[in-house]
Amino acid sequence: MPDASLLEVFESPTDVPFLIEHIAEEFTSVCPKTGHPDFGTVTVRFEPGATCVELKSLKLYLQSFRNEGIFYEAVTNQIRDDLVQCMQPQWLEIVTDWRGRGGIRSVITATHGSRS
Amino acid sequence: MPDASLLEVFESPTDVPFLIEHIAEEFTSVCPKTGHPDFGTVTVRFEPGATCVELKSLKLYLQSFRNEGIFYEAVTNQIRDDLVQCMQPQWLEIVTDWRGRGGIRSVITATHGSRS
Amino acid sequence: MPDASLLEVFESPTDVPFLIEHIAEEFTSVCPKTGHPDFGTVTVRFEPGATCVELKSLKLYLQSFRNEGIFYEAVTNQIRDDLVQCMQPQWLEIVTDWRGRGGIRSVITATHGSRS
Amino acid sequence: MPDASLLEVFESPTDVPFLIEHIAEEFTSVCPKTGHPDFGTVTVRFEPGATCVELKSLKLYLQSFRNEGIFYEAVTNQIRDDLVQCMQPQWLEIVTDWRGRGGIRSVITATHGSRS
Amino acid sequence: MPDASLLEVFESPTDVPFLIEHIAEEFTSVCPKTGHPDFGTVTVRFEPGATCVELKSLKLYLQSFRNEGIFYEAVTNQIRDDLVQCMQPQWLEIVTDWRGRGGIRSVITATHGSRS
Amino acid sequence: MPDASLLEVFESPTDVPFLIEHIAEEFTSVCPKTGHPDFGTVTVRFEPGATCVELKSLKLYLQSFRNEGIFYEAVTNQIRDDLVQCMQPQWLEIVTDWRGRGGIRSVITATHGSRS
Amino acid sequence: MPDASLLEVFESPTDVPFLIEHIAEEFTSVCPKTGHPDFGTVTVRFEPGATCVELKSLKLYLQSFRNEGIFYEAVTNQIRDDLVQCMQPQWLEIVTDWRGRGGIRSVITATHGSRS
Amino acid sequence: MPDASLLEVFESPTDVPFLIEHIAEEFTSVCPKTGHPDFGTVTVRFEPGATCVELKSLKLYLQSFRNEGIFYEAVTNQIRDDLVQCMQPQWLEIVTDWRGRGGIRSVITATHGSRS
Amino acid sequence: MPDASLLEVFESPTDVPFLIEHIAEEFTSVCPKTGHPDFGTVTVRFEPGATCVELKSLKLYLQSFRNEGIFYEAVTNQIRDDLVQCMQPQWLEIVTDWRGRGGIRSVITATHGSRS
Amino acid sequence: MPDASLLEVFESPTDVPFLIEHIAEEFTSVCPKTGHPDFGTVTVRFEPGATCVELKSLKLYLQSFRNEGIFYEAVTNQIRDDLVQCMQPQWLEIVTDWRGRGGIRSVITATHGSRS
């Protein structure tokens, strides 16, 4: 199940504001209603504060949703909250882009803070 | 025929403003003038208020247009009005993108409210 | 419901073998199991015998499947059989390419006769 | 020759501002200098006032340029003027996108009014 | 109206068999049934005999169909016959690929002779 | 774990040979070496014998690999063997197309029988 | 060598501000350092003042760079200056997009004036 | 002007038959009729005999056509003949793919020998 | 190892502000953690001050990262700092776009100064 | 430098002939003439004999070319020879597809044995 303790950070290499984007194209979780797997892409964009999320720890954190029954909207807001807590970024945006179910595709976007 | 009573909502998982987009690529209705079927994609984008439209109910609602004789502009405005009434969103935008007829493709956009 | 009597033919303009392909990208029927609509592309390729199917009649014939509950495999074989009966082509191939359901897309191909 | 009297309108279905886009990918006219045909796409975008242009009348109007010798810039401005006169839109934009001649493609954009 | 006398040839630069393909993406004629214009791409592929069709004369010949009311199948077979008569090629194939009407696109292929 | 007993068949609707292709773009299993998830597309193509695999049962069967540690080559051969056993097809081909690991993508193809 | 005297203008068909874009995909000049040819696309966008550049004269002007040894940055600025001088546009932008050399592609943008 | 003496070869690294393809996307020559430049892609495919054409010498040879007035068909056959003479390949194919003139694109293919 | 002394500049050809973009699609460095090579595209966009970076020197500078163990974020910030120091640009933006590792792609953006 | 001893194999999971394709999109070596890096994609396709090459060992083997000065043709033939020696496959094909140098892209194909 989702495990925010997997997330690790490293110190940002610069004080000048800059932008980081990680695009995870192999996200999967489970629909809590039907029990069928959901597949999608999770994009994490942020302007770091003092720290940046470490890439391998982000991968393991996202894998921890694999067998979790959870809705699209909840996944998106939980990833935002967990990353805000561990990194304290200046600005952060999570976009989840889900492959279709019954002919409908969905994209959910949650943000935190504002661009410098 | 179009049936807004099919629409159901669930409580929004957060008070922080966020954005939801549902893209239904298999919409079909009937041209009231020629009786021939129209095909298109309906995109529903919104910033929820207290509730979000439930995905399966949205699918059934859109299917209820299948044998309705209705113009492009009317479809677009009716979907906006029905979703505004059931969800009371902060902001909502409906885009209908229709496959061509006689060499002309059409895209209609209707909105409600404003982005937070 | 599917109505082969809608199909009309016209005399082939030449005795020299040639090839005709009609691609109908807006086909829809209904899943007999779930009642949900299916959407796909129907391709009709043939080498005419004495006659060719008339284009508008083909369109109306394909539209007659709109509210029919019928499986992918049965649609494909029925279109082949109806067109073979009305045109007596030298060779004919029907390909139905269906948008996904539950993450699985399907393509069904049925043929009749052989290329000259 | 171009015939604005072919254009018909219908009453807008709503007072709420919305956006309509018609994309005609099969436009052709004739170069007045060389006599060779020109081919392009004409896009009509507008925010309606009290009326909207009827789709089939728009198609016939655009077909009336078929054998007219007329330059790219003049086509674009004439379509804008004819549609402004018949619809009195809140805002209107015409974009003509021409296939190349001698290795040069051209895109001409003319507008009227402003977005609400 | 279609005018095969516009076609000119030049002597093939070699006796070794080779292949020529001309792709005319701006073909237009008129539907004899509805009077509406048809648009498509005409591809001329051939292995020359003693002569090759001259490119500018081919362009003028194809333009001569502009206001002709003629069906897809007839266009294809007539272009084949006119080019066979003027060039006496070793092998020739005409493919006409038509933009959709009523949701159906068509591709017609006619050939003459055989590859060396 | 992979469970072939989930597979169900239905009687083929025709004796005439035809071709069925199911493309499952959301396959996932686990690398037995690293424990990391693998993602890919599984394509099942076959010419049926007396029976065809039922689509929903195929989906559930493919989902049963979700938490199985298994190599690319073994997945491909096992799906072939399980489907051959339950359907006895005239011809069958399994193609698994895996997203990259360490900059290398892989495609594995296994077949059974021959085309009629 | 580049010859601005080839450029001709015609009177703008309207006083209402509008936008013209010409995209020349077959530009070539020569690298003054290596003597090897450079290839790229030159885009000319402008809002006309009293006159517009004539299309065929633009083509001949661009061809006059064919055997000129000149750097990317200089080509871009010279085309801007020559067109500003002959047209006195309200606003003008030149974009040159060069195919790669040694694994690096370049895009240079020069502007004049401001949008109305 | 075209200069076959620019072509150099090196000894093939193996006796086992293999295939080499060089794709030159920046070819230009001049139309002998209009004086306007022609642009295209030249593809050289061959199965070497004892020698292979050296890549930089091929580039310089192709550049030597830059200001030559020569027809599409003649370019194609001359490149074939020059490369056959310098390399004595087991098999060779030249494909020239020309950007359109007056709405018509052309592709010319000339071959020598046969695949081992 | 990265060597900023390889960078050379030339005097900007104009005082008018303009924009230069160099896109290097063949960048490679080494992951300091795993020792495996990383591959990506480096885009350098700037509005020059008095000087512009010379293209070949930029290529050699980027090649000097080939065997350097360095993280994505550090590469991006170092290229920005080195180019700012040698060119003193009005504005500069570095975007590094990395091919995936473990199913996650990354894009890093660093800027300096502001657009004129 | 290239090190075939890095290659490891595992026993093929089946006696039935099947097909494996590994596509390594991040190959780099060095041009022995200019010292500049070359970049390309290496595709390894084979029908295994008793053994299959292990994926991670293949990756390390391909990385061992990173700083080797070696021509396109030699890379291709060496990979074929090294893989034939370690796997003794029924059939094997190596395709190397190189990004352009001086406007010319190259593709080299070497094979061993024949398909069963």
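Chains: A, B, C, D, E, F, G, H, I and J, in written order; residue numbering restarts at 1 for each.
Note that contacts are C-beta pairs under 8 Å (C-beta built on N, C-alpha and C of every residue); 3 or more make two chains touch, one makes a residue touch a chain.
Computed from a predicted structure; not experimentally measured.
Chemist: So if I look at the partners of chain B and the partners of chain D, which chains show up in both lists?
Modeler: E
Chemist: Starting at chain C, find the fewest moves between touching chains needed to arrive at chain J.
Modeler: The least step count works out to 2.
Chemist: Select the interface copy of B-D from among B-E, F-I or F-J: the correct pair shares over half of its contact pairs, counted by residue number.
Modeler: F-J
Chemist: Check B-E against F-J and say which one is joined by more contacting C-beta pairs.
Modeler: Output for the comparison: F-J.
Chemist: So how far apart, in whole Å, are chain C and chain F when each is placed at the average of its C-alpha atoms?
Modeler: Those two chain centres are 28 Å apart.
Chemist: Chain E to chain F: how many Å between their CA centres?
Modeler: 45
Chemist: From the C-alpha centre of chain A to that of chain F, how far is it in Å?
Modeler: 31
Chemist: Roughly how far is chain D from chain F, going centre to centre by Cα mean, in whole Å?
Modeler: So the centre of chain D lies 52 Å away from the centre of chain F.
Chemist: Which parts of chain F, given as residue numbers and ranges, touch two or more other chains?
Modeler: Residue numbers touching two or more other chains: 25-26, 36, 39, 99-103.
Chemist: Output every touching chain pair, sorted by label.
Modeler: A-B, A-C, A-F, A-I, B-C, B-D, B-E, C-E, C-F, D-E, D-G, D-H, E-H, F-I, F-J, G-H, G-I, G-J, H-J, I-J
Chemist: Mind pulling up the chain G residues that touch chain I in the complex?
Modeler: 71, 73-74, 76-77, 100-112
Chemist: Inside the complex, what are the residues of chain I that reach chain F?
Modeler: The touching residues are 36, 39, 99-103.
Chemist: Inside the complex, what are the residues of chain B that reach chain A?
Modeler: My answer: residues 12-14, 16, 18-26, 52, 55-56, 58-59.
Chemist: Using the touch definition up top, name the residues of chain G that touch chain H in the complex.
Modeler: For this pair, the touching residues of chain G are 25-26, 28, 36-37, 39, 63, 66-67, 99.
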